[in-house]
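So that you can tell them apart, the chains are marked A, B and C in the order they are listed, and the count of residues begins at 1 in each.
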Amino acid sequence: MVFVISRIPRTLALILVGAGLSISGFIMQQLSQNRFVSPTTSGGLEAAKMGILFAFILFPEASLTVRMLSALVFTFFCALLFIFFVEQVKHKNTVFIPLVGLMFGSILASVSTFFAFKHNIVQNTQEWLLGDFSAVLQGQYEAIYIILPVVVISYIYAERFTIAGMGESFAKNLGLSYHTIVYIGLLSVSLVVSASVVTVGAIPFVGLIIPNVVSMLIGDNLRRALPLTAFMGAVLLLVCDILGRLLVFPYEIPIGMTVGIIGGVTFFILILKRSK
Amino acid sequence: MKQRQKIIITLIILVIAVILFITYNMGNNIDYVLSRRGIRLATMIIVGISVAFSSVIFQTITNNRILTPSIMGYESIFILFQTLIVYVYGDKAFNVISQQENFFYAVLLMLFFSVFMYLLIFGRQRKNIFYLLLLGMVMGTLFNTLSQFMHVVIDPNEFSIVQNFMFVSFAKMNVKLLGIASGTLLVALVIAIRYIKYLDVIALGKDHAINLGLDYNKLIRLYMLIIALLVSVSTALVGPITFLGILVTNLTYELFKAKKHIHIVWLCSAVSCICLIVGQFFIEHVLSFSTTVSIVINFIGGVYFMYLIWRTRKKIS
Amino acid sequence: MENQKENKLVFQGIVKEYGKKKVVDGLDGAIKDNAITSLIGPNGAGKSTLLSILSRLLKQDGGDVFFMEQKLQDYKSSELAKKLSILKQSNQMDVKLTVRDLVAFGRFPYSKGRLTATDWQKVEEAIAFSDLQDFADAYIDELSGGQRQRAFIAMIIAQDTDYILLDEPLNNLDMKHSVHVMKTLRRLVDELGKTVVIVIHEINFAAQYSDYIIALKDGKICYNDTTHRVINPHILHEIFGIAFDIIEKNDRKICNYFNL
């Protein structure tokens, strides 16, 4: 019984979220043509948190679906604003963009804090937002399946994302509508981020490091890189989940933390490598 | 002429704000109220000046008006430190460690952190400063995750102790601490003012600065040290106010057309003090302490930051 | 080629304004088929604007562009991508693609990302045509500026359109790469019967390699004629405002504008 109610949903959720988040990072990096961009470094996670918080304050009894929709709307507009901003920046200093993205995130966080403090739920917000799969049970995680169609879309659209990333005139020359591609890409990313934040909480860095590692291994040829990206994202989360469960058995370290540490350190190394 | 009027008006507002803050609705116990308010006012002035100096210097050496030094992870390491103390000692935490000791260790930790980061980036190869910032922010995210985890684990009573540190409050100061803080600030200011004239040249950009004969790398190292000192002092004193720096520097640049950095830093200090005092006044008397000044300033500063990005979107970078 | 109608790319009364300033004002003309046409003129004359309008990257505020006797804006963008290509200057990116991957993008209008054997053959041909065989598997971010520009031109060649528009393709290239690029364009016209339009700054490259020159000044077309006729000291002086000395050698003209 434990197996059907808890283990299977948990494993499925881990695989889907891992694959979805790393693909989102991939899409964002292609669109912005910047290796350091991802939901973590563009305010995406914070926007989703904010969406949930607002749903929580405005409709305390809101169902999971309402929270997710709210998160989706916030994430999508945040992503739009961010990509729009990236487009406007003339000299694309590789490091400057994620820097502004992180700032962007902390602003959203400070706005959230403003309201959370008012409603005296600061500690609660920390709690539901730290990625954790232990609460994933049958009947409570199904929103996560929305990631599945996104994976398919990203596979169909992969080339188009890269083309759009090379610029509007580049896309137009090849007969593509630049803006449509950007919208589809960002909507996909927002769906993944909001679905995963609502069901399991924020998991930082996955979308950032996996595409980078894959790119280092086999370059950016999309047809080859995408499946590996999804696969490695899933593997990372599974490994982190197992680690989190074994290290302090019988307790559990939330996955948001194990991934946060492993991902943070990896990103750290990536930056150092890049700065040479 | 107009410039001078603006400066005078700013100073008058500052004086009015100070007087109002001290004298408004004193009640019966005048001596007590006066001393409490005096301490709070002094704290705000120290913080205001630290934030103004560090932000102006930081923005000039990074050549960017939408960054602030406190994003580099200082605040996260501060919160992590405070959380750790509470995590280890529980609600007895602040019987074990005095406020002065806490301040001292926090400053030391933040300085150590910034030196470590600095060596990591600049030790091997002199690469652009944005890498340093990004690295700082990533470390910040990492620390945040750790703190977040502990926040979830500790019980709500203990969390409320941590929460006190997360959100600035000027109410919990004592005179001894104020003395130490103002001493540190003074040292930092003396160094800063001595070297501030070079900022006018550095504002032209690295290549021009070197062409004009400055030892660019040495100066940047020095400025980073000053910034680390200033940010550590203000953070350890009252906790994080991330967006105050962006808010006040940009207000200053918008209001005054000052060119020389020596003028800019002082004008900015005035603006920054006004923001804090007026903000605190409103929280005490209008909102009756229902929120804290840092949350309000971060909120306003954050919204203002978005507006800045929106407005200057073609010129940024 | 003979039985096809000439001048398939025609523009009439093109106006484009930014704010109140008219960058181009009432341009009329036609691009001669199966030839290289150079757009020349001083900075701000409207060369790049005209090129962008001809390639649908920019919408004109007045006038019409006709492509094969149909208005340009009536075409589906994806259809046009098989007939007309445009390469703008400065193609900077931060992706780890090989030259072959980049050139393969040229086949996107035909295969939408799923390349057939014929597509791959075209890609290899384009790489060979631009002399990039040795770099085909190198990552573009590791190439020199000149090699990278040639990789982008190879992509345009793989796109296999009859009309090829390039905005300052020689920008930032050294002499060797510049000559290489111009010779490649020449061969596109002479061997494959393409039509090429380029915006170009160095007058001698225009004089040596192009068949026709459209000279712009202050948003208007001053001359639209054969290279031989436009390369003339009086005309060039009128356009650029400096003195020119024309040296003829082997039936080609060289313009000297130094120390006159």
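Throughout what follows, a contact is a pair of C-beta atoms (placed from the backbone, for glycine too) under 8 Å apart; a residue touches a chain by one contact, two chains touch by 3 or more.
In this text the structure is predicted, and so the values were computed from the model without any measurement.
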item: Co-neighbours of subunit C and subunit A - touch as defined; value: none
item: Chain closest to the middle, measuring from C-alpha centroids that were averaged per chain; value: A
item: Chain at maximum distance from subunit B, centres defined as averaged CA atoms; value: C
item: Inter-centroid spacing, subunit C versus subunit A (mean Cα positions, whole Å); value: 41
item: Inter-centroid spacing, subunit C versus subunit B (mean Cα positions, whole Å); value: 54
item: Centre-to-centre distance between subunit B and subunit A (centres being mean Cα positions), rounded to whole Å; value: 31
item: Residues of subunit B touching at least two other chains; value: none
item: Interface hub residues of subunit A, defined as touching at least two other chains; value: 92
item: In the complex, subunit A residues that touch subunit B; value: 36, 40, 84-85, 88-93, 95-96, 98-100, 102-103, 106-108, 110-111, 113-114, 117-118, 122-123, 126-127, 129-130, 204-205, 253-254, 256-257, 260-261, 264-265, 267-268, 271-272, 274-276
item: Complex contacts: residues of subunit C adjacent to subunit A; value: 52, 55-57, 76-82, 85-88, 91-98, 101, 105-106, 108-109, 112-113, 139, 156, 159
item: Subunit B residues touching subunit A - in the complex, by the definition given at the top; value: 64, 66-67, 71, 120-121, 124-125, 127-128, 130-131, 133-135, 137-139, 141-142, 145-146, 148-149, 151-152, 156, 159, 163, 166-167, 242-243, 290-292, 295-296, 298-299, 301-303, 305-306, 309, 313-314, 316-317
item: Subunit A to subunit C touching residues, read off their complex; value: 30, 33-35, 92, 94, 158-160, 162-163, 165-170, 172-177, 215, 219-221
